[in-house]
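Okay, got some structures for you below.
Here come two complexes built around chain A, the first alongside chain B, the second alongside chain C.
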Partner chain A sequence: MFQYYLKLSWLSIKRTPMLSALMVIAIGLGISVSITVLTVDYLMSKDPLPGKSHKLFHVQLDTYNKGNTDSAPGGLPYQLTYQDLMNLSRSEIPSKQSRSLRSGFSVIPEKVGLTPFSRSARVIDNDFFEMFKVPFLFGSPWEDEVNNKAKKVVVIAKRLNDKLFDGENSVGKTINLDKQLFTIVGVIDTWEPTPRFYDVNNGAFSDTEQLFIPFSLIPVLELPSWGSNNAWKSEVFESYEDKLRSETMWLQYWVQLDTKAKQEEYREFLAGYVEQQRPLGRFEKEDAKTDIKDVVQWMENNRVVSDDNSVLVGLSFMFLAVCMLNTIALLLAKYLKRAPEVGVRRALGASKLEIFTQHIVDVGLIGLAGGALGLLLGQLGLLGVKSLYANYERLVNMDLTLIATAIGLAIGASIIAGLYPAWLICRTNPSIYLKTQ
Partner chain B sequence: MLEIKPILSALLRHKSSTLLIVLQIALTLAVVVNAVYIISERLSLIDSKSGLPESEIFTLGMNAFGENPDLKYDIQADQELIRNMPGVVDAVVINATPLGRGGDNSSVAGTKEDYDNGNNVNVAFYRGDSHMLNSFGINLISGRNFTEEEIIYNRGYVDPKVAIITETVAKRLYPDGNALGSKIYFNNYEVTIIGIVDYAVSPWVHHPNHDMAIFNPLVHLDAFHRVLVRTEKGALKEVMGQIEEKLLERNPDRVVFAARTMAENRELSYQGDVAMSKILTVVIALLVTITALGIVGIVSFNISQRTKQIGTRRALGASKADIQRYFVTETIILTTLGLVIGTILAVTFNMHLVDSYQLPPIQWHYIPVGMITMLVTGILAVWVPAKRASSVSPAVATQSI
Partner chain C sequence: MLKMNNIKKVFRTDLVETHALRDFSLQVEEKEFVAVTGPSGSGKTTFLNITGMLETFDGGVYELDNEDVSKLNDKQRSRLRNEKIGFIFQSFNLIPDLNLFDNVDVPLRYRGFNAKERKQRIENALERVGLSARLKHLPSQLSGGQQQRVAIARALAGDPRFLLADEPTGNLDSLMARQVMQLLEEINQQGTTIIMVTHDSELARRAHRNIHIVDGQVSDYQDLQPVLDVAEA
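The block that comes next holds the complex of A and B.
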């Protein structure tokens, strides 16, 4: 029966090529605009570490004095001070943890023909690689003891390894960063999460770092911050030591808390930490807040998906609605034209349900064609979006979920659009048309 | 216009298709009006002035990697080198550059009480020596520039004693006009305002106080620093082409990077707004096309349904123009109805945008402009099918089907 309906649909499409083409174009355009906008939105907001993201938490403390509040959403600053980070990292509650800073170096290559160049660096603890599932090509992270005892070791990214060592296993070799020799202990495979979810407040769409070095090197090498430094207190810095002791917030901290119980325990630990610091004259606010946010909450908090995107999603659905209204009007026209034929079929014994089903199949077929056209145009749309934003190259690619969404949306929307016309046509009274024939 | 009555009764007989066209036009108007409004907001943002002679300015970054470099000497030598290059008007080593997207900002107030009560203004800070103003190409409207003695060279950060502010800051903190010689409070220290400049902008174009800036006589002795160079008219490309080589020739232990003209900085700063405008333009174009095609489709269908009726009217003496006018009038009625509903939708939609995304409310003139555009589109869309209808032969009336 279904095949028969398909055949009828095909015949009717052939009989009304103009109306059918208009419908396919209308659905196709509606789908292409929606799917382009949805792709960007979905890829920006999707969970970067499914199954794990809800165990990884970003730590926030309100160290501000009375009368001052951070401009970040919720009034909690994005980053932490060095002293707080050092104190918090002594806790045994998290199963894994990593302190984090975006810094950078001049890479001075030995290879002939290369001149020194700048590269950003991620300054972290060795748990970082496992927490964020960073894939290794050669070697491994540095040993645990390096987290506390500074050692000039480095993990480099594949791209840098290709540039400096022609892609060979460079573990054990050295690399010259700011005239200091670092021993390479690992090379990671291409890992360029977009958005850069582990550091969204320093530009979620900036490049991923190509150098990874131990956090314990910060006081030794006096590393500068290549991210933001936030301060509410005016403090004189005569030396790097002064910055480490200051209230400047310039560091980030991720902890892994595997169970609800651990998460509760950690929240209590943070509240206790604030009380413990008060006698030292810190945490002036009576209601000084602390919080932990998991990866997805952290991305939402930092508005990784911009307002522009949300506006566009809304607009694109209104656009789709216009396309669908258009389709309903065209379907009505097409079906009314076919009313005499339906009258004959009804008179020959076709039930209302059969007529209804047949027309829904008809609409579904047009929806499918519209969906296919929409996907094709959507690819063009994504190419367009890619060319508009400098940092979207890695972001904008459709995956199977999105393709299925596009086709599903097209067929679903067309069937909804077809309900009224199909209902109208199946109520056709056969006698009228039999008389005029 | 005698046809209005028969048109209305014809429309009422086809309630559903009439309603669909009307709704479609209404939604289209709502989307188009708001999209055009967002575009015009963005375009005016993109064109907003920086106060700088942008075509004469470029910026670059430098990262020194020598062992224990004498940064004070290096910075001064670099500045001297660049300032003496042919084609350069002035140059300055600075913590941040206008439209540079990175830098320092802080909350300040005119009195200590205001500061303590949180009644303060967040402003961008520029830190460098006395060449900042000339390099920016901006002018003092009162007071004086920094003297050499006032410049602090420091590895970390110390509180400066004096500041030059933009007129916008002066007006905000001292509305009575007595800013010069007064203080600016910043937490537990204060600086004296020694000069006021006409205009300057912050590094961040979307900062709420983008048109405000404060200058301090402070040179950070960091390995990383930014440089802003102002050249003579037309000499920009030439200077930019030579500068890296010249700097590395003087001291090779550093990386010179991200040399960008102000035009490039502007493009990067407004990238999101440009993209949004372009995407919305495409959406508007597609939407209007779809709606126009919809009108073409429906009118064509109506005509094919009424071929016999048209033939009869022609046989009874209606001219071609009469038939054409009938369908055009029909579309005008439909469109107008859609536009009335569309206006309500457009305003509702705009109120939602204002509430959820802090967009400014729409200006009224966008609505009539949108209405006229849609009306013209409707008439254009109906023109060809209506013309075809008018060519139906009167003989059709006499044929039986």
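The block that comes next holds the complex of A and C.
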């Protein structure tokens, strides 16, 4: 019967091309707006490391003095001080860990015809690559000992490798960063996690860095921060050493805790650490908090998906509802025109349910066409988003889930819109339409 | 067999109440050919629609093959209508975008026959009305008489026991009307019970029995004569 209904639907679309086209356009417009907004929302909030994100934790300590509280959600600062980072990283509880800083260099190319340019750099420990599943094209991360003993090695991104070495395996070659020669140990493949969860507070949707260098180089090269620095204490730095000893918060710290037990143990360890630091005059607050948040919690905490976006999603659904109301009006017009035929079908033995189903299949088909149009228009919408917000560039690609969502939404919304017209047409008295015309 | 006892039908529109049928009683036997006549607005179409279960009624009992129709739900009524009743209308009521084949196909689809059986039945039915060469034509490409024959083929395709015809010749000239009447008589002879509403007294006389409806009631109800008697006379 379903096939029969599809055939009838196709015939009726051919008979009422204008009405049908108007409906498809109405649905298409509604779907395109919804799907554009949903795409941005979905990609912003999707789990960047499925299966692993709940094992990776970002560490937070409340180092503020009495009476001062961080303005970040939850009242805990985003970042850590250098001294805390050095102390915490001695713990053996995490199976992997990486300290992290956003810095940068000017790259001085050897290749003729290229002028120096600046690139941001991620300053990390070697576990970073494995923790965040960074794919390597050539080479590998630096050895463990480099985490403690500074060495001028670097892992570069494919894009930079293409630019400097024409995409060839550059492992073993050197690269001049701020007039210092670094040895390349690895080249990573394209890696653009969206959102850039490992450092959401320094631009959740900006590109990943193209240089990765050992954290142990910080005191040696006196690396500047290219991200934010937060301080509550007025301290005068006469040397880089002073900054390292200060209460300035400018670094991030990720640990991998594989089991619930490990996570509990680590929480206790942090609480103990606070107590241990108190005699040194730090952690003035009696209830100085500590926390670990996994990747998803961390993104939520940092409002990676802004509340504006939820408002937009709501608005887009309202627009879809308006389009569907229009569709209801068009459907009523179309179905009332078809009432005589329904009278004949009833006289020939169609039940109300069969008439109802026939019309629901009909709107379903129109919904499908509307969904397809919506996807096309949605692509245009996403191009618009792309041109408006440069840093959203990587957000604007639809995957299968989104395409299925768009089609499902279109068919679902159409069927809901079709319920009333289909019900109306199936319960009208057939005898009225069978009278002499 | 079809039996109506004291059927009442009232149409209510805003302020007006129309008693379309009042204490309407009638019995139609297997294989009868009954002609229904009566002035305009007397309730003939209403009677036919209630017979075909297209219209509900407000009182009385209607039994079709000993089944109390008022106790059935829509699905059961539709099923019964589909299996036992064929309709023919004055204005043919073919579905304009479907070709002849697909028009005759309609009742068979709701019957749930498979494609092969449907095709067989459609071809047989169209052959019976002499239109088997025009399967792919649209109704608009046919004359009125031909259209009515397609409608008859459609009504017959499912082998119904009853054929209900509401002024089947009303839109046809007298020649075509006689052809259609002849077809109906043949069908009746092959065993289908026919109830036909008509304004044409000449055609009405060709039926086994005439029923005259006036003001929603059978005006001169004669006790039923066995069909075969009439046929043999």
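To be clear about the criterion, the second predicted complex is superposed on the first by the 435 of 437 C-alpha atoms of A that agree within 3 Å, B and C clash if a C-alpha of one lies under 4 Å from a C-alpha of the other, contacts with A are read in each partner's own complex, and residues count from 1 in each chain.
Definition applied: a contact is a pair of C-beta atoms (placed from the backbone, for glycine too) under 8 Å apart; a residue touches a chain by one contact, two chains touch by 3 or more.
Since the model is a prediction, treat every value here as computed from it, not as a measurement.
When the two structures are aligned on the shared chain, A:Ile328 is found in touch with chain B, with no touch to chain C. For chain A, the partner that touches more of its residues is B, with chain B and chain C as the two candidates.
In the superposition on chain A, contact of A:Arg15 is made with chain C only, not with chain B. Contacts of A:Asn429 after superposition: chain C is touched, whereas chain B is not reached. Shared-chain residue A:Met398: touches no atom of chain B or chain C. Of the two partner chains, neither chain B nor chain C is touched by A:Leu85. Judged by the touch definition given at the top, the superposed model places A:Phe237 against chain B, while chain C stays out of reach. Applying the stated contact rule after C-alpha superposition, one finds that A:Gly349 touches chain C and leaves chain B untouched.
Touch criterion met: A:Gly104 reaches chain B, while chain C stays clear of it.
Taken together, the two complexes place residues 436 of chain A in contact with chain B and also with chain C.
Taken together, the chain C residues at the contact with chain A in this complex read 45, 49, 52, 54-55, 74-75, 77-79, 81-83, 87, 89-91, 93-95, 97-98, 106-107, 109-111, 154, 158, 166-167, 170.
Remark: chain B residues 16-17, 20-21, 23-24, 27-28, 30-31, 34-35, 38, 61, 63-67, 104, 106-107, 116-118, 122, 154-159, 186-189, 222-224, 253-255, 257, 268, 271-272, 274-276, 278-280, 282-283, 286-287, 289-291, 293-294, 296-298, 300-301, 304-305, 349, 353, 356-358, 401 touch chain A in the complex.
The touching residues of chain A, counted against chain C in their complex, run 1, 4, 11-12, 14-15, 340-341, 343-354, 429-431, 434-437. Within the complex formed with chain B, the residues of chain A that make contact are 18-19, 22, 25-26, 29-30, 33, 67-69, 71, 104-106, 108, 116-118, 178-179, 224, 226, 229, 231-240, 242-243, 306-308, 310-312, 315-316, 318-319, 321-323, 325-326, 328-330, 332-334, 336-337, 381, 384-385, 388-390, 420, 424, 436.
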